[in-house]
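Chains here go by letter, A, B, C, D, E and F, matching the order in which they are written, and residues are numbered from 1 within each.
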Amino acid sequence: MTRIAVVNCNTTETMTETAAARARLAVGPGTEIVAVTPSWGVESAEGWYDSFISAAAVLHTLEQLPDDIDGVVMAGFGEHGREGARELLDIPVVDITEASAHLALMLGRRYGVVTTVARAAGQIEDSLTAAGLIAHCAAIESTGLGVLELDADPIRTAEAFVTAGERAIARGAEVICLGCAGMAGLEDFVGSRLPVPVVDGVAAAAALVETLIRQRLTTSKIGSYARPLTKARSWPAG
Amino acid sequence: MTRIAVVNCNTTETMTETAAARARLAVGPGTEIVAVTPSWGVESAEGWYDSFISAAAVLHTLEQLPDDIDGVVMAGFGEHGREGARELLDIPVVDITEASAHLALMLGRRYGVVTTVARAAGQIEDSLTAAGLIAHCAAIESTGLGVLELDADPIRTAEAFVTAGERAIARGAEVICLGCAGMAGLEDFVGSRLPVPVVDGVAAAAALVETLIRQRLTTSKIGSYARPLTKARSWPAG
Amino acid sequence: MTRIAVVNCNTTETMTETAAARARLAVGPGTEIVAVTPSWGVESAEGWYDSFISAAAVLHTLEQLPDDIDGVVMAGFGEHGREGARELLDIPVVDITEASAHLALMLGRRYGVVTTVARAAGQIEDSLTAAGLIAHCAAIESTGLGVLELDADPIRTAEAFVTAGERAIARGAEVICLGCAGMAGLEDFVGSRLPVPVVDGVAAAAALVETLIRQRLTTSKIGSYARPLTKARSWPAG
Amino acid sequence: MTRIAVVNCNTTETMTETAAARARLAVGPGTEIVAVTPSWGVESAEGWYDSFISAAAVLHTLEQLPDDIDGVVMAGFGEHGREGARELLDIPVVDITEASAHLALMLGRRYGVVTTVARAAGQIEDSLTAAGLIAHCAAIESTGLGVLELDADPIRTAEAFVTAGERAIARGAEVICLGCAGMAGLEDFVGSRLPVPVVDGVAAAAALVETLIRQRLTTSKIGSYARPLTKARSWPAG
Amino acid sequence: MTRIAVVNCNTTETMTETAAARARLAVGPGTEIVAVTPSWGVESAEGWYDSFISAAAVLHTLEQLPDDIDGVVMAGFGEHGREGARELLDIPVVDITEASAHLALMLGRRYGVVTTVARAAGQIEDSLTAAGLIAHCAAIESTGLGVLELDADPIRTAEAFVTAGERAIARGAEVICLGCAGMAGLEDFVGSRLPVPVVDGVAAAAALVETLIRQRLTTSKIGSYARPLTKARSWPAG
Amino acid sequence: MTRIAVVNCNTTETMTETAAARARLAVGPGTEIVAVTPSWGVESAEGWYDSFISAAAVLHTLEQLPDDIDGVVMAGFGEHGREGARELLDIPVVDITEASAHLALMLGRRYGVVTTVARAAGQIEDSLTAAGLIAHCAAIESTGLGVLELDADPIRTAEAFVTAGERAIARGAEVICLGCAGMAGLEDFVGSRLPVPVVDGVAAAAALVETLIRQRLTTSKIGSYARPLTKARSWPAG
């Protein structure tokens, strides 16, 4: 039995469950998805300030990851922490930002990302750049909806994603990536309304981690992602 | 039952079998690998001239692909044809060049490719560029061995790959991609001799096609990869 | 007497003649233009699938090139095969895509390309990238006309090119390249309607091949374009 | 009186003092430097894992920044958090990584960075890329010395920086940036041994913040660095 | 007492005074600004032809720079000569084009430039590219006003800059650089009408030169900016 | 009769004659080469300071260009002025830097430049970047010989170019461009000693100008290279 942890970037349990449920649909029968929510941090991540708090909270959480976990999905679109998790752990770590781009690149010449608030676009661009995947990104379009607004009115949310997707297509995207873990499940509706494939990052990441595990591929430990050095580290006294 | 065709870029049956065998190890029990060898073309592809003949032969072969095939692995490292196959078919098509880079990017900051003859490096660079994956490619190193020499002396071949891998690592690679379908299976030996993960393109591509099929993701048909237009096409009279 | 072969990328003789006629106007009195049409392939190339068949057909044709030819113009805009022809032959080979960009870059800060169908834009972009000439390409605009539609209504065709040219200018182009061999001769009309120089690729390529021949410059045979290796190659049995 | 906070990225007070002392030499008589050390985090930052903990600790610290502070120097070379601080605060925020590159670019055609451990190079590269300053970075060379080893043997440290600087010069650097806050003060010695200007990031950042304050230039609040949204955020219970 | 020369790129004394006056506001009490106008050249620089005449005239002027000058501001936005001045002099030389970008990059994710005539945009782009600062330039927008028209109708000029600034913001700029020395002083008005910080290049350059002087940082004399070789040089006989 | 002016970038008549003689070999019988030497400026151009004086002197000279000239070759490798000449004149202007790269790109995958002094490398890089031709430049290697030393010892000069060429080839160059007008004629010797084609910039530029003239292609006059505006311009009183 393979066990993959889907780690939310924020503290909102319902979003963790949405992501974990989506991941379960993406993996094989022999793989169990373990939902993990940080015990502290931000209720939603929108901007660098939130993202850096989120990154520390997620890394803090990963320090206590059970030994029987075989791989990790980091379920924050455009959020920080990915490289730190790769240093901390030996098992494969895949972030939903890069994962959606990896699959999208095999489906069309250029891809677009549709996300929540406009301020997230810069972070997503930086994350895709750091992952070596920005070259064929045609557009990062926002819906203007906050992360926690996504559930408020599912119809409005879906419509907003379709509209943002159409803008991305007009800018050259031939595939759309759903740029928020909270959108998991939305891809069928959005896909039915857009003439292009729609990739969900959580599903993509879960399948990619499963692939890396099955091929016994683990994070390179020379250079960038070597284990953290031994030193004094502390967390706030609360 | 999912069926994935592994299509060799050359006419050498033994190489098709090597690739198909490697692909079988990479997919789940519910997936069958169908080995396909073009009936004409080049016995090995080394350079653009060979690669363009190979591309046409592979596309000619794909025109007769059985209807029950769910996805295609193009097993030529750095060879042409990928985008044409995506136009011709609706099912997912993944080429081993891009596939190995996709997995490598999740394992280290930069990856290197070790391939056969030096003249192949330019093509591999162009193929990775066209796939949007060149940014984090640290080096493309050759062994100096021709494709058909790989089997002649397995020990010498393995040693040559280890040496080329060490050069790539010295240039910043933290992961190594085996740059030839004919090397499938070599990754364990090479991996045991290098301090970094070693990715086999055939295994990577087979798993990625299986993932796309499972997620019901198919090639975008707007823009670049729309179906070929109806027109007169002909092949030589032999 | 210098002899330059103008090789069409498709099997439509009338397009070969259009290109050859245009080439004749571009070379000096001491240079003869030899029109060459592949005996098989595609009646027009629109997309990667066509382009890869075309590349093989053109290379197959070039294998039988008469010994008294001093240089080759590859008359397919954005089509594949260029690098393979450089391996196969020692004489200079120039493709109309790169040729038009070379001249355009000396006439304005940025150039634009106007071509036939939208799906061709990606290939043209890849071809200019592989030629090292994409940096100052401001736009690749399509007319929406298929290659074989160009002759149907010359006025409509010319108007469509003018309109596409205006879009390219609006995006920063200061020079326009006619992106199809079938447009040869159209540059005067289009040029009379646009405020910028209009470059025809066939004329550009013919003159550049003539220049290389006169300066006794031939393709570099170290590295990328070394002669193809000796091996078994075959064509379909028809 | 202008007051600039120099915020260390780690919890080692002596390094805060070194940085603050260096900053004091760089500003005018009317400017006071306030040394700030996070109350939690890492004793030194070496790698992404440390850097993300550091970023959160620094942002946590900046939440309590006294109202009378006019600008902030973030004294961690290549460490994260910069963009988050710009969202959190209205006053100017400058990070020593970007600051040293800004000054270096006015002194030579290309600059190099000499830093501590090899694993820091990737982060520094990402930080310079995100700051829009990577284009003219010729090399990032490491001394192999850990951050806390720098004080152990000043002579050995200085020699190691000179040697790394010589490697950067050999790769095209015409100016050297000292890539660690803990090196502040070392620039005179290193500068006396290298034929190029040596820039200290802390001095550079302090002067640049002072300049922005004097010119009444504050962080743009449209788009990327708008104030953080109101939401629930929490820190660990300790 | 520190003395900084503000050298106009053209022969219009009133523009020299505008620039010098702006520079005086940007430096500390211990710094004197010396206004310098070339005795020959162009009354305004608009385009490469003017810019190259300007560059020679400015360099000719700098040959006679008094010995007691400690640094130079080159007050021509996008004009040539910067690298030549760095060869000629040992003291710091900063050009207003790069200076405004350096400060802008610390205030927002991307910056835009608003300049005079459209033809200046290409030069400004080249100047920012040569300075290693183009990556985060979102837009270079022109007002359509000639350099010498700027004073004709201050209201119209200010409005034109606001409008051009709004176009730059729409293209992603979060900070605006005033792209002409003749606009010095306009930044308050424009800034009051735009929701982003507005940077004046003259003020930025004066402060940056003052910073370099205070930190005793001088131009690197290895490689690119080594002193000019001894040889015969002459100027026209008039 | 077509008349092409070959304009030297310096005041050394013998170099003008060398360049003009080389150009005569490159053009057809119906083309006359007119040798032009600026009446003032630098006896050789080595570095930006010289280059900007040279640019003004060349533009000053071009103001008096006879009306019967049909095109201009600017014979300074890596020197400034090109864009200004394109504004000033309607006839085609080609600079030897770009010209050699244009031809080289058709002969091999990447090209290298061999030039005189090391300090020229940066200017050549900038010139190729501004021309949109840097992408496939593998190396710019210097011989360490000053421009006026080239004739001192022809054997030593030739050997130095061969050695620099070998370094460029080792870095990936498959074609070599001779990076100085004063080397015209050296290409046969160097070519006989290197395994790659060697391109002379003067010959390349003369042939390219002749091609543009024959095809009636002139500089675009919208945008960048529009005619200079009418204004007061002056030269020193001597």
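Here is the rule we go by: a residue touches a chain if its C-beta (ideal position, glycine included) is under 8 Å from a C-beta of that chain, and two chains touch if they have at least 3 such contacts.
Here's who's who by UniProt: A, B, C, D, E, F = Asp/Glu/hydantoin racemase.
All figures in this text were calculated on a predicted structure; none of them were measured in a lab.
Listed by label, the chains touching subunit A (Asp/Glu/hydantoin racemase) and subunit E (Asp/Glu/hydantoin racemase) alike are D. Identification of common neighbours of subunit B (Asp/Glu/hydantoin racemase) and subunit E (Asp/Glu/hydantoin racemase) yields an empty set.
Looking at which positions face the partner, subunit B (Asp/Glu/hydantoin racemase) and subunit C (Asp/Glu/hydantoin racemase) present mostly the same ones, since more than half of the interface numbers are shared.
Residue contact pairs shared with E-F exceed half only for one pair among A-B, B-C or D-E, and that pair is B-C. Between subunit C (Asp/Glu/hydantoin racemase) and subunit F (Asp/Glu/hydantoin racemase) the centroid-to-centroid distance comes to 27 Å (mean Cα coordinates, whole Å). The geometric centre of subunit A (Asp/Glu/hydantoin racemase) is 44 Å away from that of subunit C (Asp/Glu/hydantoin racemase), both derived from CA atoms. Between subunit C (Asp/Glu/hydantoin racemase) and subunit D (Asp/Glu/hydantoin racemase), the centres computed from C-alpha atoms are 52 Å apart. Taken residue by residue, subunit C (Asp/Glu/hydantoin racemase) touches two or more other chains at 83, 109, 122, 223-224, whereas all remaining positions touch fewer.
Because contacts link each chain to exactly two others and close back on themselves, their graph is best described as a ring. Starting from subunit A (Asp/Glu/hydantoin racemase) and moving next to subunit B (Asp/Glu/hydantoin racemase), the ring of contacting chains follows the order A, B, C, F, E, D. Listing the residues of subunit F (Asp/Glu/hydantoin racemase) that touch subunit E (Asp/Glu/hydantoin racemase) in their complex gives 11, 39-44, 46-53, 55-57, 59-60, 80-81, 83-88, 117-119, 122-123, 126, 129-130, 146, 148, 223-224, 226, 228-229, 231-238. Within the complex formed with subunit E (Asp/Glu/hydantoin racemase), the subunit D (Asp/Glu/hydantoin racemase) residues making contact are 26, 28, 83, 92-94, 98, 102-103, 105-110, 131-136, 169, 172, 174-175, 195-197, 199, 203-204, 207-208, 211-212, 214-215, 217-225.
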